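Labels A, B, C and D are assigned to the chains in the order they are written; within every chain, residues are numbered from 1.
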Amino acid sequence: DAVLFETLLRVGDSALILGHRVSEWCGHAPTLEEDIAQANVALDLIGQATLWLGLAAEVEGAGRDADALAFRRDAGGFRNLLLAEQPNRDFAVTVMRQFLFDAWHAELLAGLAASTDPRVAEIAAKARKEVAYHLDRSETLVIGLGDGTPESHARMQAALTRLWPFTGEPFRGDATDAAAAEAGIAPDPAALEPGWRARVEAVLAEATLTLPDTARFRSGGRSGVHGEALGLLLAEMQFLQRAYPDATW
Amino acid sequence: DAVLFETLLRVGDSALILGHRVSEWCGHAPTLEEDIAQANVALDLIGQATLWLGLAAEVEGAGRDADALAFRRDAGGFRNLLLAEQPNRDFAVTVMRQFLFDAWHAELLAGLAASTDPRVAEIAAKARKEVAYHLDRSETLVIGLGDGTPESHARMQAALTRLWPFTGEPFRGDATDAAAAEAGIAPDPAALEPGWRARVEAVLAEATLTLPDTARFRSGGRSGVHGEALGLLLAEMQFLQRAYPDATW
Amino acid sequence: MTPEECAFQDRIDRGERIEPKDWMPEGYRKTLIRQIGQHAHSEVVGQLPEGNWITRAPTLERKQILLAKVQDEAGHGLYLYSAAETLGVSRDELTEMLLAGKMKYSSIFNYPTLTWADIGAVGWLVDGAAIMNQVPLQRTSYGPYARAMVRICKEESFHQRQGYSIMMTMARGTADQKAMAQDALNRFWYPSLMMFGPSDKDSVHSAQSMAWKIKINTNDELRQKFVDQTVPQARFLGLEIPDPDLVWNEEKGGYDFSQPDWSEFYEVLKGNGPCNAERMEARIEAWEDGAWVREGLMAHAEKRAAAHAAE
Amino acid sequence: MTPEECAFQDRIDRGERIEPKDWMPEGYRKTLIRQIGQHAHSEVVGQLPEGNWITRAPTLERKQILLAKVQDEAGHGLYLYSAAETLGVSRDELTEMLLAGKMKYSSIFNYPTLTWADIGAVGWLVDGAAIMNQVPLQRTSYGPYARAMVRICKEESFHQRQGYSIMMTMARGTADQKAMAQDALNRFWYPSLMMFGPSDKDSVHSAQSMAWKIKINTNDELRQKFVDQTVPQARFLGLEIPDPDLVWNEEKGGYDFSQPDWSEFYEVLKGNGPCNAERMEARIEAWEDGAWVREGLMAHAEKRAAAHAAE
């Protein structure tokens, strides 16, 4: 089922790539608590990706598994949101990226938990609990740092401005999304926007941050047209599987 | 001839890896003149690496070529000096690394130009002219930035302190080096130190920089024991050859 | 027109070259500064999309060719800033205008290079389009600009052949490589057509620039020429131009083809292209991180000069 | 000894636990702060060599296991800093001493992780040696420290098994993998033996620490135990311990083995290990780059508290 396969890649790849970005913080976070929390978020996301990609491989039925999908596709085969692949830069960008993503992810998983496909619903139900916790945490950080010192406020505002152009893509569906929604596999992307928007506006207001009025135009993840950073991320992530194709690990 | 092969890898890998590091500056240098100059140094070094590794592959006679050596060995197979693989950090580290390397490289190539192996002597004679120019340039920059503003001086001194531990390795030969020297293939590494030292002391003095009194203890390149940074460099450098092993480019 | 302006126009009409010390209308000077400056900025920013693949070039030879190409581009930037400086504006001033968003660079560099085939496509199509624009400028009326163009065109045609060679290898390579080649053509075709600018009937400055011989051909003429040259090359590669309406028009002796999406063009120009933010950020960081280097070298040069003077 | 000191030593000798509010000699407090602080720092710095491979872990499952492990280590750091805080020193004070080079962390983390097999070796050998050191410390005299050790030991033995599982997969894998496994053992064997510290006869503090039950076994006892446990594991993997003089000594019921190069140990301790500079730099950068975050969150918490108070 091509629509289901593609839908699973989209969900799974976003989790995988964001999980990878978050994992880059390991040992370098601003506090020990954040070292733990970031590792935890990365772990959850990569765990979810393993389930989504595992199901995708099963649906595809071409003899691939989750690892083959994660480690043997080139950038053009990835379906993650561009937001997920944005480089960490400073902790402000990391936190803001997480919040903007979590707020969408929570809405998406709520929809997927009601999927007509019971395998999808089951994974979504598990992931949903984890993501509720991620969102709780990223909200707290956005508010704490937005309404913190002048420096932390400025950095959070800059991070928001930087990432805002990427926040339109999650809600802009294509034919595959329409077919998935039609089949009841996944929610219609556009339908997730009001909930996301309300959450984001409320949190940013409490964080004393100003919503940018710039265009939310960046997109391409659905069709595998990513930014230049993804190729470099994959070169690192996939090195061992590429260099030792015959090995098991 | 195992000694010749190993000797060629050592020279070629240092040129390749430093060339790679320098090429990372492309489009990001402090001035347009430096964009050009850095690209030029990278180009020379990678060109030299192509010749050294090409000859190494020929000597090995195992059906590999320069590209196979560059793109299909893992970090443990590389024989470059640790100095060559040190990350760019700021422009001060880049310039200081280049100078410390060039001063050794010029001495080495002078020795190799007198090799009993005419193929070695020929490549060295060509490379020597390029490296004389590199050294001239890196000296000028070390002096200009060392004896520039207080900030540029401080950065250059910090760069020198950071890199100093790596400056013992080039002169510490092993059994292979001894055999190569014995056979007249390459100069004895230790014999290059007085010339290097005199040059470095003179230039650093003119640059108003202080010679660190710390140990020059870092080594491992000769036996393939590198720093953690080399693996990441190779993951990037080798991506296409690893991901598409059957392709020609 | 004032008598001076008439005399100036006469010189141009006679095909004379204007040199830096000659009198020239303020509009001519300003238009040239904008045009040469933009061109210089394009060379500098143009290092970035190709630089993105230097560290991943698939063979040592391709790596060297690409490094040499990017080095040439920086060199072109230098020639062009020098030409602009003869008009009384410094390189630093031009750079600061670029970084403040007050001057543009070619929008094509706001598209990402996503695979190695993109490096081929940039050489083949982007340099191809650039040459099409630049060859006539070797006959432009302003001497320093025309002379810079002569040097640049020579190197660019070399770059274009190298790009085409990459495309050829990819198009005749494995299935993956061929797919990358086709995908690169798909993504770079319309942005390349945009490089000639909107149709001249929509362009305000064109008539005056043509009278001054700062612009030699119309945008549409050049675009047509580019399409007519490129289509057979694509066919030779076995690749398909992503335009279902592309068809040979016997009567005009050229292809009919679809226009690019001009609304996309204006969006990218406004800053809403896929890499505008990344490109500007990279250049701003290079400039800011490099400040201590420029200041350090300047301070040293001054110390030297003072020491010499004291001798 | 003063009467207080005598009473304190009696409690320890009876096997009683000392708790934070109890009286204790200044030397006991200081020694514990140094020991627990070093241990905490080791957990924090210990994230780095393994963190180096998280982004390159070869499967999704291995990646998750490694992430979970590194997360545990940060957690251990937290427990231990908390234990140290009961002795009247804050985490920030301890951190600043680390970053100023006034406190140490385990020298083993100054060795690089160069291949994926090193991740196996770190789990198998380094965590193995750590457990050997830590298990007896569950019975140490200071209550908060002993309780932290109970939690830590449980997780560490889990980590060790995971490391051994990586080694097993590598040792039974392709020729390349087997070579990586052997190479990892070669590089980590002697540094692991160093983890128990120099022979006790060369150690100044040992006798007092053992009397205080801050230290339970001698370094040499633990090292022997480690070797005796590890040699059969290596044989089971089909790997060779890089010690030609390793031989079973029937009489003592343990292996005779070569001592590590203790001059290397002291060099690494002095800062001249392969990664000392990189490790300290990474921690200093994390601390400095994170200052605005800590300050921002603090400022927000204060605003909150003030708002609450005003209500």
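One rule holds in what follows: a contact is a pair of C-beta atoms (placed from the backbone, for glycine too) under 8 Å apart; a residue touches a chain by one contact, two chains touch by 3 or more.
Keep in mind the model is a prediction, meaning the values are calculated, not measured.
Q: Of all chains present, which has the mean Cα position farthest from that of subunit D?
A: C
Q: If you tally contacting C-beta pairs, which pair wins, A-D or A-C?
A: Of A-D and A-C, more C-beta pairs in contact link A-D.
Q: How far is the middle of subunit B from the middle of subunit C, if each middle is the mean of its Cα atoms, in Å?
A: 35
Q: Round to the nearest whole Å and give the separation of the Cα centres of subunit A and subunit B.
A: Comparing mean C-alpha positions, subunit B is 41 Å from subunit A.
Q: Residues of subunit C that touch two or more other chains: which are they?
A: Touching at least two other chains: 56, 176.
Q: If I count partner chains per residue in subunit A, which residues reach a count of at least 2?
A: 74, 231, 235-236, 239
Q: Chain pairs in touch?
A: A-B, A-C, A-D, B-C, B-D
Q: Which residues of subunit A touch subunit C in their complex?
A: Touch list, subunit A to subunit C: 74-76, 162, 165, 215, 217-218, 220, 225-228, 231, 235.
Q: Would you tell me which residues of subunit C are touching subunit A in their complex?
A: Residues 49, 52, 56, 112-115, 176, 180, 183, 187, 267, 272, 274-275, 277-278 of subunit C touch subunit A in their complex.
Q: Write out the stretch or stretches of subunit A touching subunit D in their complex.
A: Residue list for subunit A touching subunit D: 16, 20, 23-24, 26-36, 39-40, 42-43, 46-47, 49-50, 53, 66-67, 70-71, 90-91, 141, 143-145, 147-149, 151-153, 155, 236-237, 239-241, 244, 246-249.
Q: Within their complex, state which residues of subunit B touch subunit A.
A: The contact residues of subunit B facing subunit A are 74, 231-232, 234-236, 238-239, 242-243, 245.
Q: What part of subunit D is in contact with subunit A in the complex they form?
A: Subunit D residues touching subunit A: 44, 47-48, 51, 54-64, 67-68, 70-71, 74-75, 77-78, 81, 91, 116, 166, 169, 173-174, 176-177, 282, 285-286, 289-301, 303.
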